[in-house]
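Report on the following structure.
Lettered A, B, C and D in written order, each chain numbered from 1.
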Amino acid sequence: MPAKNGSQYIERINNNLPNVWLAGEQVKGAISEHKAFKGLMATQSNMYDMQLDDKWKAKMTYASPLTGDPVGLSFMQPRMKKDLAARREMMQAWAYTHHGFLGRAPDYMNTTLMAYSTAAGVLEEKTPQYASNLRRYYEYCRENDITLSHVYIQPKAGRLASLLGFLEHPAAARVTDKNKDGIIVRGAFLLDTQGASSDEILVYPVPHSSPDADDSPYAFAFAVPSNLPSIRFICRESFVGGESAYNYPLSSRFEEMDTLVIFEDVLVPWDRVFVCGDEEMACRLFDESSFHIHSCTQIMCKNIAKTEFLLGTIETMIDAAGLGSYGHVIDKVTEVIIALETLKALQLAAEKGASANRWGIMLPNRNPILATSAYFPTIYPRMIEIIQLLGASGLIMVPDEKDFETDISGPLNLYMKGIGLSAKENIQLSRLAWELSISAFGGRQTVYERFFFGNPTSVNNRLYHGYKGRETLKQRVQDFLFHS
Amino acid sequence: MPAKNGSQYIERINNNLPNVWLAGEQVKGAISEHKAFKGLMATQSNMYDMQLDDKWKAKMTYASPLTGDPVGLSFMQPRMKKDLAARREMMQAWAYTHHGFLGRAPDYMNTTLMAYSTAAGVLEEKTPQYASNLRRYYEYCRENDITLSHVYIQPKAGRLASLLGFLEHPAAARVTDKNKDGIIVRGAFLLDTQGASSDEILVYPVPHSSPDADDSPYAFAFAVPSNLPSIRFICRESFVGGESAYNYPLSSRFEEMDTLVIFEDVLVPWDRVFVCGDEEMACRLFDESSFHIHSCTQIMCKNIAKTEFLLGTIETMIDAAGLGSYGHVIDKVTEVIIALETLKALQLAAEKGASANRWGIMLPNRNPILATSAYFPTIYPRMIEIIQLLGASGLIMVPDEKDFETDISGPLNLYMKGIGLSAKENIQLSRLAWELSISAFGGRQTVYERFFFGNPTSVNNRLYHGYKGRETLKQRVQDFLFHS
Amino acid sequence: MPAKNGSQYIERINNNLPNVWLAGEQVKGAISEHKAFKGLMATQSNMYDMQLDDKWKAKMTYASPLTGDPVGLSFMQPRMKKDLAARREMMQAWAYTHHGFLGRAPDYMNTTLMAYSTAAGVLEEKTPQYASNLRRYYEYCRENDITLSHVYIQPKAGRLASLLGFLEHPAAARVTDKNKDGIIVRGAFLLDTQGASSDEILVYPVPHSSPDADDSPYAFAFAVPSNLPSIRFICRESFVGGESAYNYPLSSRFEEMDTLVIFEDVLVPWDRVFVCGDEEMACRLFDESSFHIHSCTQIMCKNIAKTEFLLGTIETMIDAAGLGSYGHVIDKVTEVIIALETLKALQLAAEKGASANRWGIMLPNRNPILATSAYFPTIYPRMIEIIQLLGASGLIMVPDEKDFETDISGPLNLYMKGIGLSAKENIQLSRLAWELSISAFGGRQTVYERFFFGNPTSVNNRLYHGYKGRETLKQRVQDFLFHS
Amino acid sequence: MPAKNGSQYIERINNNLPNVWLAGEQVKGAISEHKAFKGLMATQSNMYDMQLDDKWKAKMTYASPLTGDPVGLSFMQPRMKKDLAARREMMQAWAYTHHGFLGRAPDYMNTTLMAYSTAAGVLEEKTPQYASNLRRYYEYCRENDITLSHVYIQPKAGRLASLLGFLEHPAAARVTDKNKDGIIVRGAFLLDTQGASSDEILVYPVPHSSPDADDSPYAFAFAVPSNLPSIRFICRESFVGGESAYNYPLSSRFEEMDTLVIFEDVLVPWDRVFVCGDEEMACRLFDESSFHIHSCTQIMCKNIAKTEFLLGTIETMIDAAGLGSYGHVIDKVTEVIIALETLKALQLAAEKGASANRWGIMLPNRNPILATSAYFPTIYPRMIEIIQLLGASGLIMVPDEKDFETDISGPLNLYMKGIGLSAKENIQLSRLAWELSISAFGGRQTVYERFFFGNPTSVNNRLYHGYKGRETLKQRVQDFLFHS
């Protein structure tokens, strides 16, 4: 199956039947009907439908280099600047359907796998079979439009265990055995977003040091179907408020479940292994694939859609409450405007400044890319804070859609109007602002954005050490001081 | 009934049967058993029990000046510095039982009513009967330990209506008629916190200007039982996560419901009227009662308890995650420490600098009081942000208590440990941090604190214009410049 | 004289002999030799020399549409996108010679006058003679490479006088008379930067309302030579530290004097009058010339050069002090990196998004332009603060160049080394950081940047009200809420 | 000589004749007449005069325990709470004479030496002679009212040298030899504030680790006269603007020179040695003397006086410019008000919470003390920023006092008025604001405050690790979670 549509997506996920636990119960039956997954899957179904919709198809797909069939454009390896533009347009179109609330929309993982695949040449040096595995897996996902999830962070107990060896049962994820069929992996990973509602799972932790760096049990990368019996997904609490799109305009559509994934002696067949044992290869594949550059390029589309949605929301709130002439309100809106203009400009700068790497892959300019990955986590929480500051008690006093079906609709209609909005619309707007800035759905979004590409220390380090051009600037100052 | 105990509190509220609506349904039966009110009422029941508990009684009550019976100490009008100390000790004790999460613990309204009562002399000038009404109502509440709520903010539509007259049915709250039995009031008020679970309701809006300032329909203050048929309470969505104290350590205990209160031609008997028609009197009673000074003194106890709870939580999180040696972590904790020391010091300064007003009431020093009311709304959201920054993904990956009763308890116990904490304890700690910084309960707390005494503009204005001593400082600078 | 060189610039200014007062003394003799003006004029002389330098000439000049002679390229009215690129390259080249420390480099006023000239058509409607005056004055300045200054702000006393009429002698700048030779103007203007060292002065205040809006004495715009006897310039204290480029690397080169200009019944000939009496025309000429868009485009070049200089300085400081591995240091540098990438990206976005206005003038996209004018005043002080935070006591302990010529050079050389820098170089670097972040020169730069395009309220209002595209975003949110 | 007066102070310093270098020249003659020292010494002379002024004497001195003569009260070892109150009143009185601009007013070092003296018992354990030296030196300074300075920081090159050993001539300060007369010390120290204008110098670096911790050349503490031939002081650039108190109201009075002090084989007599060789003793004397607690108690007085001066200045600026009704102005002033109330409250809390240590010395409560030492460095720069934001271009356009003696006084008087201030007064106020927020004097004050008790990392660590009471708070949270 090349680029799939929504019902194909739903059907495959429903047939998948992974081992998923939520609040002490195992999830049974069609996952797309489960209240914790329903809205999200409907949203993604609509996105997949766009791929085969005549109006969108040309923008959303490209001809498979293998078969000529239309496949998802976010799988495309960019080789020219126009490829970057095509990728951006495709990803921006999807981002506008979810307004930036999906951190793991399908194009995220498509892009990630595409990035890794471009650097398969690294693996060629020592383990050509792994290089071939990676390329074939990329093709497999592209040609079958596989919905992927991704894990790379371990629970703290696991990380401490391997570093310090202070727990009886070492908890760090590791290869425990190898046999003719494959490698055996045991361990746990955190925050597998959409893990329970994906076809497959890509596992690629940052390896921690081992005494034997060439044969470390902690260095590995592979992919497996998510419905293996030896894999279990433990969900966090669901933040879906309910099915009413009036009451819960965001969580009823965009709540991506995060899971803890448990691998209990999972057999990974040899043809699904990309790295095994070699720390240096694990690191080099990661670095030379320019994972951060490619995935942040996708995320920029999301962030722009999200910031536009927040600005539109804020301006609508201002209109409804008649706040547009207050200086302190204008000061706050201009912060959001500056953020949006900044994000759009950095996106443009990244694309205009692109250049090809040694694999012939067209890479956006890393400077604006890394800058945006450090910038957005600081501005998103501020925008949410601005919603709190402008919404005030209107964010707290949120009646229910059903209140409008009862006797009390009278006073609600009388007292809860906005300027230019009926009471019912005005409360709907308040509920949107409430979901953004107060609800558990909104709180999780804020924390997710804060740590999207790691904690601030890591992200700032990545920018600082990856920044190109500083020598020129230092030299300019030294010339000014010492040679003029 | 003088100072009551918990079961008396519960019984009276359950017999009250006000007209309460939640999510399109009218609340029926014992309100203390309703899942949206149960935890809060159990918490307040424990607080009332302290009043008659031998260990606490001497601290929590004082002898009624009327009967000698023990009545709640937060009703006491302070006349000496030791009265302020006694009030502080009593209120701090209650604050430690709810760790500052109740904005409308009973001592808040007891203090508010006490404050108004001290300035009844203002009403004496023109309307001695109202002065007498106010004094008697204060005594009635004190002697019967009435649980009060309070409204003073109108929905925006109502406020705009009276100011601009642009709606067909004027929506501003107002006195529509007077007759021999009392005054008739129509209108709506916002954010009556705990309104649905209180005995009575005190209504005292900030009057907006009327053409006839001596007989304005918008200037009034009165109190009525909350179960009058012409009063309806419309609840916001409940933020109680559930009954499990493990999963929802805060909302299962401290969720105070906020309501929109609708007055539909409520008859207020003449002996419950404190102000009617006279704008100037409404304003003067408010100002000369030093409402803000007294109520902020109560709130300082709450804020200290809450900040201590946050600091204890943060330090426990740091221990469990082994973060205590990171510079950026220490920087953040010291912010919280500075906040706590500041709040405690301002409390001390307010009390030490107290002086008697013209009614003989001992007033804490307004300077530190008003400073704290402007300071806390800025630091509380920052402390919550610090919890997000330290908790990171641990705040998102929150399994359920029930997960520990199933097969998956094995991997949870293995992988989710903290330093010095079992996995179950560690997740419980995470759920506390999650409720504080991500859940709807936590979000509402943050917005509530931001706007506790009004929007920042009002609060800063109150501090700026109420600040004593600036002339001395200006003179010092002018002497330095022009006379030295 | 078409595009002039440095010595022509110096000679003309020296012959000009305006009436300039500094610290109670009238400035006599060649102004280019006066210690308060010498360094600045030498810097600008070098800039003018570039115009006729073979290496630079093609970039710095263009063929006059009138004569074909090379004239300064910043006078060019942009009609195509490539004109914007040429203007940017020219202005960026000059900005790199002064590293952004000149707020009134010649291209600033060249651009300003060019902007006004493009909207002369506005004046055509009622006063074609004024339109013609403006066009001819623009040509005159372009063809003779006139060095201009500019005033538009009045001292507060003057502004209050006209608004409130509370002073005996009305102090607001105004036209006091008109006769056959021209108009008579009296008043004072603030902050005429480089006023005392320019050929001419362009006067164009924001008119305040007058009872007669069609014949207001407060609505005028004109240009006059700066050496009229009835014009006096009162300088502020000079912030040139001294002539040593070692001790004062910045102020010895880049100190632009600000002046208070006094007009005492100045006769402005009719052919130098652009607006007189008509408030609406004064406003429309200002708005429709897109003054802010054009001048901010020039300022973007300055801001990028300045931010690059700060980043180069900060990185050199980090190297010299060995701070590059501290997390809190990296956090601070990344702030500066993000600022630089943001400014460069916004510059790109403005140029790429340009479109022609009704006069056929190619205008950069106003959204990123206005965003940058609100953004830079917030980030510049933060970058200077970062220098203080990284420099610490090294910024205070600044010995003198002459100390190295004495006995004490021994211990200085021993104890004051940096990593990779001799003591003398290390102290030179510290003196640069000191001038940026502590000296009066640096302090004035910070305040100048904070208020470059007005106070924050005005700048934010301009962005808020001038922002294009918000309706689309509001509609998207409303469609999402009410129509999906 | 017990408590001295101003002329005795001046005379002794002038006779002292230390070896001082400023801008490549050795300072000759009476230092009190030198323009870089004159104003500061006049200010301190006035302060010393207060000690013997009948109006102040009782507050400023106490009876020497040795002779009964009046000696400076800041030398007093506090043993009762009333001693703390007396010390505070004395120090606050001096602070009001310099409005907090002196970081090294005499009471700072008097307090520091007093603190060390209280812990002489530590030295008793191993080196009773040193304990006796310290006690006698304290008495000597107290009985002779010695004006002291203090060094403890080494230039970076010196610190790196000893740590890394990478320079040929080790630059770290150290004991190079010992003989029958004393110890020989070589090295350099940074930022000896007022070093060139003090009688003696106390040397007490933080020892860095040595291979032989019991006999480290880097562990020492001693005091010597500042006029030894083997000691040289190298001044930084002077930030005295000039002698006019109109033009330079602050720097003409309060500019404390900072120096680099060079010790070239200085012989320290044995009776002036307090620590020599023993790292642990050096650390313990420092810690157990509670140096930070005592000195920060003195500094709190300074900080309060300074904040009051800033608030008075800001309010005067607001009056003069008519800004008092703007919301954004009120927001900024309230920040300063909150800071002042916080500082005053923390001072009160420290004193009220005092308790005696094992030496019987009454110690203020460390929690508010350490909190204030971390808080003030963050708020001082913000208050200066607020002056910039409110002063705007008025801070840049600063004419000279002499301008009022010339022809141009006419327009100045007309145009530069403030509300309620003549032009001359208004400019004087602007010059004050300019010196605070723009001048090199002001810049040095800001950096000095930022790093007063070390860099933020050290200060926050000191607060974090020194904070008392956290266990109670953690336990409260754990009881709430796990035992309720």
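What to note about this one:
Throughout what follows, a contact is a pair of C-beta atoms (placed from the backbone, for glycine too) under 8 Å apart; a residue touches a chain by one contact, two chains touch by 3 or more.
A quick map from chain label to UniProt name: A, B, C, D = 4-hydroxyphenylacetate 3-monooxygenase, oxygenase component.
Nothing here was measured: the structure is a model prediction, and the numbers come from that model.
The minimum number of touch steps linking chain B to chain D comes to 1.
Taking each chain's centre as the mean of its CA atoms, A is the chain most distant from chain D. One simple way to say how far apart two chains are is to compare their mean CA positions; for chain C and chain D this gives 40 Å. Taking the mean of the C-alpha atoms as each chain's centre, chain B and chain C sit 53 Å apart. Annotation for chain A: residues 327-328, 331, 456-457 touch two or more other chains. Against chain B, in their complex, chain C makes its touches with residues 327-328, 331. Listing the residues of chain B that touch chain A in their complex gives 21-26, 153, 155-158, 160, 167, 169, 171, 188, 190-191, 232, 234-237, 247, 258, 260, 262, 264, 321-322, 328, 381, 385, 388-389, 391-406, 408, 411-412, 414-419, 423, 437-440, 442-444, 446-448, 450-451, 455-457.
Residues 96, 99, 245, 249, 308-309, 311-313, 315-316, 319, 327, 330-331, 333-334, 337-338, 341-342, 344-346, 348-349, 352, 367-368, 371, 374-375, 425, 428-429, 432, 456-457, 460-461, 463-464, 467, 470, 473-478, 480-482, 484 of chain B touch chain D in their complex.
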